[in-house]
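See below for the structure under consideration.
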Amino acid sequence: MTTVGHLINGQLVTEGTRSQDVFNPATGEISKQLDLASTKTVEQAIAAAQAAYPAWRNTPPLKRARVMFRFKELLEQNADRICQLVGEEHGKISHDAMGELQRGIENVEYACGAPELLKGEHSKNVGPNIDSWSEFQPLGVVAGITPFNFPVMVPLWMFPMAIVCGNCFVLKPSERDPSSTLFIAQLLQEAGLPDGVMNVVNGDKEAVDALLHDDRVKAVSFVGSTPIAEYIYSMASANGKRCQALGGAKNHAIVMPDADIDNAVNQLLGAAFGSSGERCMALSVAVAVGDAAGDALVATMKEAMQKLKVGPGTDSSNDFGPVITRQHQEKVVAYINSAEQQGATIVVDGRNPEVAGHENGYFVGGTLIDNVTPEMTSYQEEIFGPVLQVVRVKSMQQAMDLIDAHEYGNGTCIFTRDGEAARYFSDNIQVGMVGINVPLPVPVAYHSFGGWKRSLFGDLHAYGPDAVRFYTKRKTVTQRWPSAGVREGAEFSMPTMK
Amino acid sequence: MTTVGHLINGQLVTEGTRSQDVFNPATGEISKQLDLASTKTVEQAIAAAQAAYPAWRNTPPLKRARVMFRFKELLEQNADRICQLVGEEHGKISHDAMGELQRGIENVEYACGAPELLKGEHSKNVGPNIDSWSEFQPLGVVAGITPFNFPVMVPLWMFPMAIVCGNCFVLKPSERDPSSTLFIAQLLQEAGLPDGVMNVVNGDKEAVDALLHDDRVKAVSFVGSTPIAEYIYSMASANGKRCQALGGAKNHAIVMPDADIDNAVNQLLGAAFGSSGERCMALSVAVAVGDAAGDALVATMKEAMQKLKVGPGTDSSNDFGPVITRQHQEKVVAYINSAEQQGATIVVDGRNPEVAGHENGYFVGGTLIDNVTPEMTSYQEEIFGPVLQVVRVKSMQQAMDLIDAHEYGNGTCIFTRDGEAARYFSDNIQVGMVGINVPLPVPVAYHSFGGWKRSLFGDLHAYGPDAVRFYTKRKTVTQRWPSAGVREGAEFSMPTMK
Amino acid sequence: MTTVGHLINGQLVTEGTRSQDVFNPATGEISKQLDLASTKTVEQAIAAAQAAYPAWRNTPPLKRARVMFRFKELLEQNADRICQLVGEEHGKISHDAMGELQRGIENVEYACGAPELLKGEHSKNVGPNIDSWSEFQPLGVVAGITPFNFPVMVPLWMFPMAIVCGNCFVLKPSERDPSSTLFIAQLLQEAGLPDGVMNVVNGDKEAVDALLHDDRVKAVSFVGSTPIAEYIYSMASANGKRCQALGGAKNHAIVMPDADIDNAVNQLLGAAFGSSGERCMALSVAVAVGDAAGDALVATMKEAMQKLKVGPGTDSSNDFGPVITRQHQEKVVAYINSAEQQGATIVVDGRNPEVAGHENGYFVGGTLIDNVTPEMTSYQEEIFGPVLQVVRVKSMQQAMDLIDAHEYGNGTCIFTRDGEAARYFSDNIQVGMVGINVPLPVPVAYHSFGGWKRSLFGDLHAYGPDAVRFYTKRKTVTQRWPSAGVREGAEFSMPTMK
Amino acid sequence: MTTVGHLINGQLVTEGTRSQDVFNPATGEISKQLDLASTKTVEQAIAAAQAAYPAWRNTPPLKRARVMFRFKELLEQNADRICQLVGEEHGKISHDAMGELQRGIENVEYACGAPELLKGEHSKNVGPNIDSWSEFQPLGVVAGITPFNFPVMVPLWMFPMAIVCGNCFVLKPSERDPSSTLFIAQLLQEAGLPDGVMNVVNGDKEAVDALLHDDRVKAVSFVGSTPIAEYIYSMASANGKRCQALGGAKNHAIVMPDADIDNAVNQLLGAAFGSSGERCMALSVAVAVGDAAGDALVATMKEAMQKLKVGPGTDSSNDFGPVITRQHQEKVVAYINSAEQQGATIVVDGRNPEVAGHENGYFVGGTLIDNVTPEMTSYQEEIFGPVLQVVRVKSMQQAMDLIDAHEYGNGTCIFTRDGEAARYFSDNIQVGMVGINVPLPVPVAYHSFGGWKRSLFGDLHAYGPDAVRFYTKRKTVTQRWPSAGVREGAEFSMPTMK
């Protein structure tokens, strides 16, 4: 059985001390072993990054960008292989994996613009004959810790921008689906990156803590659940590192009475159930304003869900695949149970889906729950499964109050045709990423990704322009040249220096 | 005796529970009483700010900026009064106080450009007929905690930008010299700021902790010593606030063999002794490259220091005044003693200055110490007094290694006429603010202020462009308008909405 | 009788050779004499500007901005006097003059941000140890030629930004209402501008041609009619100057079937008749989509117009005043006549307004014309009077085709509540300034003003960010420092330069 | 014999009416026939571009950028073929052609960042609930007219940025060496560009005039000689197009007394003789400050030039190749003759170089002329050949006065080690592109290229950030949404639109 190891200083290595099973969630079978890095191995990765840093920092940004140009080509050429690795360990359908990869590549494309993005600010004559400019210099060694749900995309949110800014990187991917992450790191190596600039360590809490406590690591980017995000953020901050830690979400869509219901349902279908709802931007709550909208929404959605197909990722006619683990499958079902017990209406029930030939896979079918109220457990917590809940309210203001009262503030959306409603919503809602008739308002790679409230800890958002600021520090130089007589000198008094 | 209170919701109030003496450092006499805010009073200030927030947030940036235009006028009209208040409680000479005020006003001038500074990023067609833009929205209630050494300037680094970005502010000034800070807050009120947008609470650790633990406070800006900065930063971060905390410094100037020594001494004189060295950008260590440069530097500096005049701030012929407290005076003298004991040469000794008629003032004279080495206590710690230490090295690289090895990385400077040396230095030195023949490289108000290493905790620097990012959060909106038939409709099929 | 002269090198001068009458349009009486500058006088102004340039160019941007801060204060303090001068010679009502002044002041406020606006782009390591940056340097002497309809605002679009960027300025105001323009130039002088940086020459075509043919003038900004704009643009271009020349307009508002008609009429009233329609952004054509919208619009507008009051500017209860000259009054009336003759319906007829006590004033009353068609003269040409024409179409596309077919493309607007219609309109319409439910979409001072098609000749728009680019030229510096041995040298080998 | 035709609407076509010989300058032989486009053919190209425009304009910028990503790959894959085509018709050595191609590719790389570069400015609350933003929309059909000396690079300065901004392009390359230009246009087609977006018409003045007089062409970019640039600029401007026209140059290097002469000579060698001096950035005049610097410079340069090798481009050991035509060869020689006759000293004489086996090639050897004075014809005019002239002056100010007095202001350079001299020079010199110890200060692709004085006509420089502004026009939208009751409505009053 294959053992997945680490990429350190350009070499694939395994430590052989501790390991963990990697499962195929569509079959429930063990597919690989994951070597778990000890603190010592993590420190080797950091040391490799530290050693590679001086030369990489001094490499002109355009040359660094050209590695990213080649990396993009390699990602495109190896797209099928990458998606296959994602499918085997994460379970998502190939078209979904391809979508994930594509969004990841967009971050590489953005990184190709490094020479423009790294421009500093230059001021002539801040005083008489005094000039000043600000440069954005890299930090040194920086680290990323990434979740299972996007084993390709989320790492690509981080390391291309960090590296193109002149940093060296140590990545700790999810232990659930490590292979695709490791593979794209190898492609980056193949693209011409010097050894040691990019390193991958697989592991568990020991590896994470090693990163958090090592003084050579200057910054940490994290995506995962809110409790872990909070731990990472306070620990990294207390250790003097800069940190951005992205956590959980509960993304609401408001469906207004003037919305085109067919369009809204069409959009929500993918946003709620795509990737089994295991997305921090999954649209998991629909808030219908008025019972007319609510009734129409539920009826149309119920109808539409009849065509939803759950099954293994290898069959591209499926709409979504299994959830990530047996435990997670049970947790999702428990949330559905709790909603039922607390009085909600299970309109479409995905608790026991039949997936012929994959009886041991971790499948949950698309589930629609109506008459959900804010007190219910299933409303308050993030389910991270293919479950869409409908809350009914009497006005748009009520809908907005609901959203603002929730602890998370990642994404949200409104379905309306009215300019004023859309503007009021996007202006006032306490959520970082807002869609107007767009159910998954993931910012494009040239904007930045970040929630508000307890969905993100830190000042700066992920990828895009904010990533340039996160992965660099400002240095401001103020310069005055006193006369040395060289310029004004008459010929005879010139210093004879050569 | 005057009691200095708080500015809450546009009203001057005192609590009357606890108080503390405010001294005149030039005479050693108590000049005022400072009312110390309890947690309850701080919470009232926060509540006032919270209440003022919705309307202020919705006030167009241009209107907010116009308050700053009027504030600038009022600061200029009241300059003498402000400087007098600074002088009485801080002790600095009037021309120095005027310089401080001027640098503060520059931040108000920068804040007047808010409409330009707050522009978001707009992208057409991020997908077919989908647009996206990022807005920079205010945070809500934000707080500032400021040090004694710049009672006017450092608060002006913070609240004008915070407020013009749409936030409401609670400021906790230094308890040593609170009057000028309170006075400028009243001027801002007079400039037309709505009640509650700007609040001042005077106090001690109880007030600080109240700010750090209140969930309504979304961000904290701090300037002070490194241990406190670290406490503030980790506490604020653990409480989910964004935080920038600026701490201590040990700023070195490299004097190269090709430097114009007269010019260097002339520059260093003000940079080392101005404001009694109580500046986080004070130039406290001169590193001479080669003994020729070292000897020339020490001899010329010794000569120049004979004209230095220490005395009360009321006499504008003085070069600098007392230090802030009796305890601080003793601490500075102890550092000089330790240097002497550890083997350094006291070239000019300021330990017992005579200031006729001010025998009880907290004066320390200008002090020059040669042959200082990195092991000495006086080298390792921040003295914050009128003491210039000279370290001698054999090469520029040695000088740079010294600087990089120090825990602080606030400011630094090189004196040279050589383009290559200057470029190498400014590129590689691990310090956030770099001067080339400029001994106090404080960035102008339209750049940003921030050190590296243990001189600043946080991602974003103070004032300037970084302040816009620190005092706002990014919101990214993605918008698609489904057709409602309004545009394409033939006349007869138009919806009859009116 | 007062003679209005020129401001050259800080002095008011008159030449005394040729002069022209200045009229009060509300009474038809001559109020002043205008001294007409000969080529020689214009050349003196240019020479003064040229002489002042080197010192002004080297003045730090922040110091230049501070003159603008003071200028803003003086404009506000002298607002009544400025508006009185505008009223006497232009005829507009005091509240309208105050609005004009306010929009002008906003440009001064924007100019106060010069240090930020003039930042160049800085790139480290464009090659190994090679840095490059772009600076935006002033042009030298630049000129402005401004129209009668905004004697205060349009000059303020130009010279504050030009001057704060480091240029020296020669302004040729309209010969119809020169006094307010000259007065604000004197206020700028009083604000602390060095002599010669700002100059005003009054005159006619001789003065204009002198500016266009003098090699020392590096750029020309013009606002006026399209034929003159075209002449200025091709002449200035042929003479190697940069030029931006803003011309005429025919601004259409589309009124959609879903529009709130009361709101639309309310907005259009001011946009069509304010300042007697003598604005390049006046909304002079309403395009109603569907007869329902058309009928409602005409009926509601007719009703609303009954309250419109035309009369002298001295009575602030009036809505608008006279047009600028007897000839222009006759021209406006001729357009109304032609529309009537060509088949349009005169719904409200302003051809013979009674203005008691001002029988010789150049008044035209508010006029509403329905059933206008694209072939009519009154549709094809710019009327520049208080005349609103209604065109009726059957679809939004027809309305847009009409707008795109017109030779002008200055401003336009749509009234709708539909997000999709608004987005399609603003994206596709061939007009430079677009309003969505905003009838006068004049960009704020921190954006830039400019029409498309034959409404503007040149690349860059007026005021705002574009003005920074128009009034500066890019200089790109590429720098590498070869080693001179200063940095690397061991102590003994240091060059002994001192 | 091959006939080189046109690329119109994705098809290679020839007209067959008029044609012209294309020569191999290394042999003097005719190598191809060039089909000369008539006005009609040019109009077909414009029509194709016009037809392709609506769809291309609406293609998301990221999709447009991806064509450029693929174009970069194809240019790299076909580098040898491109360089061979350049060599055959232009004559430059393969390593020089490769350098040209590389600089061209850098512009394609910059164009890949289009989504970032096209971001507009977004302002919330320019008034109460009124938002405003500026978009940068494409112009439509734009044209480029390019010179013989960089048949690959100069076209790549233009069309990638124009096209990625959403425009359609018609290129008229040089008639001397059209094949490589046509070939790269075909590669762009192969990269996935829709037919008609990129078109190439080969031809002479008839084709140029057709472009200048067609109303559908909205902008013209030109690079060539100053008299033609001036013609193009005034003609295009008079026809209402935007235009940037880059002309001739006479680039001076100041050699200061403190310069490292070996380094300066080393740099100047390539800058003066590379590509036979047929570069608008060729360094053709060295100004030595002081006779010591002058003598050292001439002696060292003379020595260094002994190794210079002129010959056919097919032999990569050659340093440079022939000039472009027989007539141009004679013109260069005539300039050398005139210098000699007017009193200059011919130090190294390249008038009759022996190139064995290529006796009919248009070769001129590297020529060094000392004691050149400003009155000489060879100083006043652009030679565009492998000729370096040395002027001797007594001070740096004299050197700068010389440069400022010349009609051209393209590039310049100073050799010094002194920070102050470099800063004074770069600040004050009236030249658009300045090198400090960099003899060919061609801005990198992410800055912009442009000279001052009579070296460039227009406001905006070529490529880089300025190209975004040149190839787009600003549209400013101001938006307010009046309430339609949708948001505030209670449930019962909702409009029943569905």
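Per-chain residue numbering starts at 1, and chain names A, B, C and D are given in the order in which the chains are listed.
In the analysis below, a contact is a pair of C-beta atoms (placed from the backbone, for glycine too) under 8 Å apart; a residue touches a chain by one contact, two chains touch by 3 or more.
Source: prediction; values computed, not measured.
**Q** Averaging each chain's C-alpha atoms to get its centre, pick out the one most distant from chain D.
**A** B
**Q** Between A-D and B-D, which chain pair is linked by the larger number of C-beta contacts?
**A** A-D
**Q** Could you please state the distance in Å, as a whole number, between where the Cα atoms of chain C are centred and where those of chain D are centred?
**A** Chain centroid spacing, chain C to chain D, equals 36 Å.
**Q** State, to the nearest whole Å, the distance from the C-alpha centre of chain B to the C-alpha centre of chain D.
**A** 48
**Q** So what's the Cα centroid distance for chain A and chain D, whole Å?
**A** 42
**Q** Chain C: which residues touch two or more other chains?
**A** Residues 62, 115, 119, 121, 123-124, 126, 134, 260, 416-420, 422, 436, 444, 446, 465, 479, 481-482, 484, 495, 497 of chain C each touch two or more of the other chains.
**Q** In the complex, go through chain C and note every residue touching chain D.
**A** Answer in residue numbers: 121, 123, 126, 130, 132, 134, 230, 233-234, 237-238, 240, 242, 260, 263, 417, 422, 426, 431-438, 441-444, 446-450, 452, 454, 457-461, 465-466, 469-470, 473-482, 484.
**Q** State the interface residues of chain D toward chain B in the complex, per the touch definition above.
**A** 58-62, 115, 118-128, 133-135, 137, 416-420, 422, 436, 484, 495, 497
**Q** Under the definition above, what is the set of chain A residues touching chain D in their complex?
**A** 62, 65-66, 69, 72-73, 106, 109-110, 112-113, 115-117, 119, 124, 129, 131, 256-261, 289-292, 296, 394-397, 416-425, 427, 444-446, 465, 479, 481-484, 486-491, 494-498
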